[in-house]
Amino acid sequence: MIDTGATAFILICTAMVMLMTPGVGLFYGGLVRRKNFISMLALAFIAFALVSIQWVVCGYSLAFGTDINGLIGGLEYAFLQGVGMEGDGIPDLLFMAFQMVFAGLTLAIVTSGVAERIKISSFVVFGLLWTTLVYDPLAHWAWGGGWAAQLGALDFAGGTVVHISSGFSALALALVIGKRLGFGSHGMEPNNIPMVLLGGALLWFGWFGFNAGSALTADGLAANAFVATNIAAAAGALSWLCAAWVRGRPGSIGIISGAIAGLVAITPAAGFVTPMAAIPIGAAAGLVCYGALFFRVKRGLDESLDAWAIHGMGGIFGALATGVFAVAAIGGVDGLLYGNPGQFLIQLVDVAVVVAYSFGATYIIAKVVDAVMGLRVTEEEEYVGLDIAQHGESVRV
Amino acid sequence: MKMVTAVIRPEMFDSVRAALEADGIYGMTVSEVMGRGAQKGIALRFRGKVMPVELIPKVKIEMVVPAADVDKVVRIVLENCRTGRPGDGRIFVLPVESICRVRTGQIDQADP
Amino acid sequence: MIDTGATAFILICTAMVMLMTPGVGLFYGGLVRRKNFISMLALAFIAFALVSIQWVVCGYSLAFGTDINGLIGGLEYAFLQGVGMEGDGIPDLLFMAFQMVFAGLTLAIVTSGVAERIKISSFVVFGLLWTTLVYDPLAHWAWGGGWAAQLGALDFAGGTVVHISSGFSALALALVIGKRLGFGSHGMEPNNIPMVLLGGALLWFGWFGFNAGSALTADGLAANAFVATNIAAAAGALSWLCAAWVRGRPGSIGIISGAIAGLVAITPAAGFVTPMAAIPIGAAAGLVCYGALFFRVKRGLDESLDAWAIHGMGGIFGALATGVFAVAAIGGVDGLLYGNPGQFLIQLVDVAVVVAYSFGATYIIAKVVDAVMGLRVTEEEEYVGLDIAQHGESVRV
Amino acid sequence: MIDTGATAFILICTAMVMLMTPGVGLFYGGLVRRKNFISMLALAFIAFALVSIQWVVCGYSLAFGTDINGLIGGLEYAFLQGVGMEGDGIPDLLFMAFQMVFAGLTLAIVTSGVAERIKISSFVVFGLLWTTLVYDPLAHWAWGGGWAAQLGALDFAGGTVVHISSGFSALALALVIGKRLGFGSHGMEPNNIPMVLLGGALLWFGWFGFNAGSALTADGLAANAFVATNIAAAAGALSWLCAAWVRGRPGSIGIISGAIAGLVAITPAAGFVTPMAAIPIGAAAGLVCYGALFFRVKRGLDESLDAWAIHGMGGIFGALATGVFAVAAIGGVDGLLYGNPGQFLIQLVDVAVVVAYSFGATYIIAKVVDAVMGLRVTEEEEYVGLDIAQHGESVRV
Amino acid sequence: MKMVTAVIRPEMFDSVRAALEADGIYGMTVSEVMGRGAQKGIALRFRGKVMPVELIPKVKIEMVVPAADVDKVVRIVLENCRTGRPGDGRIFVLPVESICRVRTGQIDQADP
Amino acid sequence: MKMVTAVIRPEMFDSVRAALEADGIYGMTVSEVMGRGAQKGIALRFRGKVMPVELIPKVKIEMVVPAADVDKVVRIVLENCRTGRPGDGRIFVLPVESICRVRTGQIDQADP
């Protein structure tokens, strides 16, 4: 039976999550140098379009088809066979769509690692491989009945699937593709901070759909997830603000980065913890990611849009925090704090495997694509900027 | 006094700024411009075709300095902005007849 | 009986479609020269405000009042008389509002044809005439029980009413008002491509409300329309991308234009075809509109924001494709492919009449307004730009 | 019992209202000088983050806890104790969240009064005091069972609580902090009008959630509020446009300001008046606020983003208009026009008290904060701009 | 060497760029500026009132060329940018003392 | 002819524009730039630390005027842009060899 309230909710949530993809594009586009602003936006659109098609062709089935050894789904839903207008609460097609926008967004986050230096053609190939070989299995493990689900790992809205995976994949990509020319010596200031903030605002907005929508209906759990999401974002924004203040001026990029850190960390937890638990989770996430960012800078890693620091490390922290703060009254499972240390261990195992798999598999895919067709533009193109070099367009002075 | 105008790659700006400061050259006026070089921009190979890129973003730095400092400034810019690849930019030196600091109203005539 | 789920859904969809109007403004504003950026945004707001009032005064009634000879509705709902808080599934007032935002958006698309050269005062007069004499009858024909509906023509969410009408009306307007000064010789590059992409993102987002909302409830059909919409957008984006790639560099404007082409084409079809049919429909629409754009350029027509090429031609293609791909299992009607060539003929007739009427009537209205008060600003104003000349404002360098 | 339709609706409305906060940031950020663009956006985010935490800690309880002498709520809901996933129609947590985003938005509007000259640290302290001592009591009076509610004052979605309070508080703040350096002699043109319009568009969009959501379910009343909201916005935009046209060129900032004036005025009325009454209310609001703006300019007051003229005066007008146009068939209460002058008097009393309290209390709080830590940045910082001075960031030329 | 600075209507830029290239003038530095002309901007009639528009967007092209080429450059700009209506712009010629190509470090002294 | 280039605080632009106009100086080309002064920007005290701000937004006005008018222009700029605080800006005067009005093609040689 279709419930119109639930269906209305998930339809809109799906649209909201879709809007996060251009949100990521604006966010990253504002952070890079002006000569690559359009490129970052275009990569987000390309990622979303590619995954939209891949998902209905095979991705959905790989993630949500009948489980094969806990590793991957079967192909019975390929080309949306048997995915129809009926369903349990919400139409099956809608569940498919809701999952699709997650997959598209995740690939858009991964573009962080190759910002300002990727060839479009290689990104298209890499993106299709990555979403098929990395995202789809991870989604299956957590939500499609794979080993992590069987183990009882908790991931409400994608802490492992979306955030750890995109963060560590971006890091692997950044290592394979190498630093940008002049990294460390040349100035590489953000070109458009208001667009970073607007992109961040769209992310915050869309994240309500992302987390609350993961309840898959419009009920008290959705409301719990919604409230926890907002609180974590606010707490993350404020903790990062304070940390940056202590060290100097509190930049607006820090405020929105902190908010995103909080949002990432609450993602796996939103349907398992109380809203008040979102305060420590969000605040700590702000600090963890702020620290991770400095660690990254110190190590001279050019993963400079910080998908790793924010999504990767924030995702790890959130997945573990879920194992700490989960309480049966909300999501049916208790965490460490409520006397169930086993859950924390399960989360730890899940995190470890996902980190290893997403980093390792991405590294290999990237190496292969690089060997076959070259991931990176030429030096000349990089100097000129991808807007002109790849798209023949430019943001006017 | 001379006006030294350097049109350089945007990414080089930070290091040249720091280097100038280290050598006591502080005053500058900076703007973002687009440039086309003697090579008609950089030729990009794209799907086998060579496509000239007409206008490329550059940074223009204008520094008014005593005539005696011109060589130093030029040297510093050269040291910090040269990659050896097309697009490195140009430095122009123009004569300045007088300069006035608005804050004080004090006017420096051109060097004798 | 009011269904809260359906009502929730249509309320939000209405808001989402409203957001498409500034989306169109940003999209067009980014495409014109900087001196007319504000003007394009302002025209979108003016269009929406005018139609909002016109619609409650008489537009809704003309479109949805009791049918008069299949041509137009009666005036019994003028000033919202009898349009109240009750209704069937959703409140009558809400149905009225959902239709209102469509009407507002359509007029905003029409501004494409007079970009960078229209006098505001003339636009106000033209806009009121156009929405009353062109849009309202078309809406009546398709959805208010007019001849097209009686004939059985399929138009799920406005392929004829919104897109063919706005596209061909923009073309007629462009012919009447004439080319911009210096068209063909002067450079007229887009001034702000990131805003084009952001505007396009808002369109894509709002289009979910547009198409899925046209189910008028939150059920499996809405989900079907939602999924088809996204797939067509993605397919259109990718097919245009590829076409542009073959000819040179794949610009980001092409990617988003292709997405919009796909969205336009799926609009009449979304509730009648399977989601998988959206792949060929969207992909072909990208190519059709890409071709139409080149045809327009070659013919030296200054309908340079391409409402004709994308909305007009995409709309024609979509309306015909609906007659091809429709399948009874989704929307109750079969198309050519499922053995019902009659439906294709009906679509053909509908398209032909709507093209002729919207082009012809708009041409006449534009000529009349031009004769009476002049559509166009002076040459000096055009050189200076409408931002300064019409609004006394400007986008700073 | 939770109704999924109502819950779906309010969840999304809450997200939409959240988006209004960055909308306000963009709107104000575009209006100030470029050197303070980031600052205005950052203040909006900071306001929202602060209030998000304050609200769950104590704000919600102060506003909606058990009434104490009609003045303030008790602390029984502090830290969300007893606010859970159950509820009447919608989960209690969701009601709390819906109210939270209102509170956050209101503080963001108040930043208008200190634009381009506030110290962040002082804003943090002021903001916490203001939301606790001004917003929370006002919310209690109108919606939490306080004296205004007991008196029968009508405020559907926050005409007094949100708009009068923010407008008059911004005025008080502007008086305490003093004019910007060079006000009246230096040029202070808006730096980015397209962002003003985009911010305004997000406000218009979010306002549907704000007003229609205040029905707290998805029914005919929500639809009534939705339609009235849009009509008032359109009427306000057009009346301001006309007024500005008579005096010179009709600027786009005027169009969007008129729309916001209309939206403000319909806020208290949306669930009490007919949609057609929104035409006079919106149109008159456009003129009232246009006049108030000129009055403000003439008096040389540097409340230059005009929260007072638009939110404050628009709010007064709207609250009184509610007492005039209210009709029992919609919201159960008749106004002056329908033979109930008493309601108008009640509105008058409510307005007077709210104006006095919000202006007075804010004045005192601002004075105290100023005395203790100084509200204002140094002259040097003001010349350089808050983006650099407070955030160490800048919008590049 | 001379610096020829042309302030022109933005829409004319593409044709003048092409014309200059056709005549062998490649190097240029371009920026977007606002200009007020001797006519105090263009007077617009608006609802019967004449309203002067103060600042109007223009494009500024700076080209450093040998003294011998100045006339050619000026002629090309004139040919491509003249509409005969107020707002067509100005060309200024300034003396340049020396010019240095950053890529090579090679310095051209002013023409003898 | 001389080119008077004034780099000033953005907020002063309106008053200087009006004052120049009142004294018959209409033609100008304006651009937004970033500037670093002899003081290395303005030093801001922030949480006890003094932090120099490197680049600060400025407005650059270029006016080509007859040599005889230079003093008047400089005086007007000084009168309208001086606050006495660091950051008020600079005025540079450069020689101009010739000037051409695109609309008419008429060329003014430099003053004799």
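Worth a mention:
In order of appearance the chains are A, B, C, D, E and F, and numbering begins at 1 in each one.
What we mean here is this: a residue touches a chain if its C-beta (ideal position, glycine included) is under 8 Å from a C-beta of that chain, and two chains touch if they have at least 3 such contacts.
On a predicted model such as this, the values are computed, not experimentally measured, just so you know.
Counting C-beta pairs in contact across A-D and across C-E gives the higher total for A-D. Although subunit B and subunit F share one sequence, what matters here is the overlap of their interface residues, and that overlap falls short of half of the numbers used.
Chain geometry summary: the mean Cα position of subunit D and that of subunit E are 49 Å apart.
One simple way to say how far apart two chains are is to compare their mean CA positions; for subunit B and subunit E this gives 19 Å. Averaging Cα coordinates per chain places subunit C and subunit D 33 Å apart. The set of subunit F residues touching two or more other chains comprises 31-34, 46, 51, 55, 83, 85, 87, 94-95.
Annotation for subunit C: residues 3-6, 8-9, 12, 34, 192, 248-249, 392, 394, 396-397 touch two or more other chains. Note for the complex: subunit C touches subunit D at residues 2-9, 11-12, 14-15, 18-19, 21-22, 25-26, 29, 37-38, 41-42, 45-46, 48-50, 52-53, 56, 79-80, 84-87, 90-91, 93-94, 96-97, 100, 120, 192, 195, 390-397. For subunit E in complex with subunit C, the residues that touch the partner chain are 9-15, 32-34, 42, 44-46, 51, 53, 55-57, 83, 85, 87. The part of subunit F that touches subunit E in the complex is made up of residues 1, 3, 17, 21, 26-31, 64, 94-103, 105, 107. The touching residues of subunit E, when paired with subunit F in their complex, are 2, 6-8, 31-40, 54-55, 58, 60, 74, 77-78, 81-95. Looking at the complex, you find that subunit A touches subunit D at residues 3-6, 8-9, 12-13, 16, 34, 189-194, 197-198, 201, 204-205, 208-209, 212, 217-224, 226-227, 230-231, 233-235, 237-238, 241, 248-253, 255-256, 259, 274-276, 279, 330, 397.
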